[in-house]
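Below you'll find a set of structures to go through.
Each of the next two complexes has chain A plus one more chain, namely chain B in the first and chain C in the second.
Showing the complex of A and B:
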């Protein structure tokens, strides 16, 4: 197991004494290879807090998170000795807003900033930058530009490239597709899927788009008010009754299928995954 | 970070909380001027008594005030020492020969080193410093073996002692008074009060409302920006920036990686805020009504009258005695 949460609670401290409890008794295991996980839940349900535990940016108030054999507890940092930095290279976390991390004069310098911090030689880092910038759908011309003159979507891609260049073993992305047009969103999701398939790495994505969840994920985690309320296959999730109480949507494809079943008065023998799938099913029936 | 309170407002219900911020600011100024008028130790002690009375009636814990005095402790100690050493009038109270010899010099260095190394383990750091300093002085005065390197006399005079005491009490009064104001008034109320008091300055073309607006926006955005800074630090930490360690060269890079996004985000935020204000038809300098209006009660008049009474008595005792 690459990452293991054991009875993790996390509270945001506040000055008036009433601490806000963001995570409540989380137990979770994430494998090093081969998982494509989506993390969903309404705003403020603790998704971002959960992923920030995954590379030891924040430490649990009680309980422990074990990342690649290193146990992170409340007072891990105070005891010293434990180096948390190497963990952040192995578990790469892309934040939701690229504005929080872009700061260099050129895109190139910004992308190689991460690798250089982890001791990668500059020449190697530049090579990596040239590769990852293409992966995220921009061309090499962009490396010379200033990150502040880019559009929102381009900034987002550059910030993702900055993490990809670190070559993490596990890639965690906090709403990577927000603010992107449908084409850009699909391109990026294909990129993550490619990373997952070709390199067999685990990818964790926070998203609000149920279509993404249904189409790509091999495993889905649902957060609700700080609790991890569901951990399993997306197909099973959307047939559950209490999905409405978690404020989740139904993917379009399932909605269409159900309506078709109603109209045609049939029961398809399996849940279609894509629109093509559904088309085949309908053809079979008719 | 979300619930950070700027200033040190302490919720309460005493008369200090019921007062109008305007009258509180005016009362504070009158009392401070009165304190500066006084020139005699007895009078300043009476003034201290008045301040303690205000604290007592106002229901503010003295411990809270003492905590506020902590940062100026060093300043107090300095003025106290300098007054004692340099004022050489009045009756001689105490004198001692301080001799530095070949033996006491290394001993003194040893004591200072010992203090420096052990101070982090002692709970009452300030007391420990005082004891160490006093110990060195006693040693220099009493223990004089070996050949003399240098010697000087420490003389303490009556005026020096009373002067030192006087200045210390005066400083304590000033700090306590301003702490009372910040403890019992919310920053927004303070700001509004300040705006009303500065209003007459419009005659000389100073726009009090704009100043107040600047202050209130600045205060409003401190927690927001702290929050942003925290997020930036996390984002950079996940790219391998370790803010807790690193050489000086790395430190510079770390700070740049924090400051640049910080500036960009603040500029963007202020731009957004300006647009939001304009969208709601905010025009600088135009007359507008307030959600919370200040109201002057009998209590405020009473307090101001009381303060003026103290002010007049201060002038009287200054002139008469």
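Showing the complex of A and C:
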């Protein structure tokens, strides 16, 4: 197991003494290799809080998170023995707001910061930067720009490039596709899928897009009010009745298939996974 | 009557990057217009020019018959509310309630009215329990909800939503879209900037930007079907229309199916 949550509770401190409990009794295991996980759940359900535990950015209030054999507990840092830097390189986390991640003068400096920090030679880091900037759909010219003077979607892409350049073992992305144009969204999901397939790395993606979940995920986690309420296959999730009570939705392809069955008065013998599948089914009945 | 008229507008950042070139467009009073386009196509820049946060290099913007310039900018801002793409850019107060109040205070609402409206609009976006919290200690979607509440409460004639629902859960997104429908029916002019065709389909008209230029502008129903234009600007067809294209290509379509798929696209 690369990451293991045991009885994790997390409270955000508050000045008035009423601490806010954002994670409740989380037990969860993430394998080092071979998983493509989507993490979903309503606004404020604890998704971002959960993933920030995965590279020890925050520590549990009670319980523990073990990351590559290193056990992180409430007072881990105070003891001062544990080195967290290597963990941050192995588990790469892209923040929900790119603004929290970008701080250098140029995009190039921003992208090479991570690798250099983890001991990669500058010349190698620069080569990586030239590669990853293209992978996220921007041309090399952008390396010279200031990361603050970019459009929303461009910032998002640069923040993703910075983590890709670290070449982490596990890639954790907090809403990487919100704010991307549809082609950018598809291209980047394919890129993550490629990293997963070619290098057999585990990828974890937070999203509100049910189509992404249905199309890509091999495992889906659902958070609700600080609890992990579902951990399993997407197909099963979307056939559950309580999905609406978690403020989730059904993927478009399932909705449209159901509506078509209704309007055409037919029953397809299987649930299509892609629009091409649905086309094959419709072909037979018209 | 056109409430916004833009003529030959050009703008570049730091004299080198042309963000907008010769943009001409108009928005009718009471209309709902979507602005679409690839990342970096100039959507947010255009919205900042309309409210006078950026100054055009050339061209003209008229709001409600008045030309936007240094003298008129304050009056024009009283007519337009904008929900920024990044909600953090909207927050100035120490608490969520300060932030919802901020826009109303600028418009000189009565204090007692402000107190009522904070409650009413926090309720509308399901944030009533968070009024005393610091805006920066909220989740992404909660920030977006607060930003939306603050602008709605101002009750301006025109509201621009710059990807205002991009981080909301499906249910939250639906309820905000329903609310936008409601205020638009009540006469508010709405401009939504979005990448989501399911949101765009709700508007009367769609304008597409590409590399700082308007490349399409027309009735939503016409643009929805325009596969080439959509693809060329990194956009996509709605799923039922994708199916329609596959059927057309295979010469398999018939009127009945076509009609059904069209109705499904319009979500009827």
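Everything that follows uses one rule, which is that the second predicted complex is superposed on the first by the 279 of 286 C-alpha atoms of A that agree within 3 Å, B and C clash if a C-alpha of one lies under 4 Å from a C-alpha of the other, contacts with A are read in each partner's own complex, and residues count from 1 in each chain.
To be clear about the criterion, a residue touches a chain if its C-beta (ideal position, glycine included) is under 8 Å from a C-beta of that chain, and two chains touch if they have at least 3 such contacts.
Treat the numbers as computed from the prediction; the structure is a model and nothing was measured.
By residue count, which of the two partners contacts chain A more extensively, chain B or chain C?
Answer, by number of touched residues of chain A: C.
Tell me the contact category for A:252 with respect to chain B and chain C: first, second, both or neither.
A:252 contacts chain C only, not chain B.
Contact-wise, after the overlay, does A:114 reach chain B, chain C, both or neither (first, second, both, neither)?
first
After the superposition on A, what does A:12 contact: first (chain B), second (chain C), both or neither?
A:12 sits against chain B and chain C alike.
Is A:99 in contact with chain B, with chain C, with both, or with neither (first, second, both, neither)?
both
Between chain B (first) and chain C (second), which does A:70 come into contact with in this model arrangement: first, second, both, or neither?
After superposing on A, A:70 lies clear of both chain B and chain C.
Does the superposition put A:229 against chain B (first), chain C (second), both, or neither?
neither
After the superposition on A, what does A:85 contact: first (chain B), second (chain C), both or neither?
After superposing on A, A:85 lies in contact with chain B but is clear of chain C.
Going by the contact definition given at the top, which residues of chain A touch chain B in one complex and chain C in the other?
Residues 12, 97, 99, which sit in both footprints.
Over in the complex, which chain C residues touch chain A? Could you list them?
Chain C reaches chain A through residues 13-14, 37-40, 43-44, 85-86, 88, 137-142, 145, 163, 166-173, 195, 197, 233-236, 239-240, 242-243, 246-247, 250, 252, 254, 257, 260, 264.
Write out the stretch or stretches of chain A touching chain B in their complex.
For this pair, the touching residues of chain A are 12, 14-16, 20, 52, 55, 57-58, 77, 84-85, 88-89, 92-93, 95, 97, 99-104, 113-114, 117-118, 148, 162-163, 166.
If we count contacts the way the header does, which residues on chain B are in touch with chain A in the complex?
Interface residues on chain B, with respect to chain A: 1-5, 228, 231-232, 234-242, 244, 256-257, 259-261, 264-265, 268.
Sort out for me which residues of chain A touch chain C in the complex.
Within the complex, chain A contacts chain C at residues 12, 41-44, 47-48, 96-97, 99, 149-154, 157, 175, 178-185, 208, 210, 244, 247-249, 252-253, 256, 259-260, 263-264, 275-276, 278-279, 282-283, 286.
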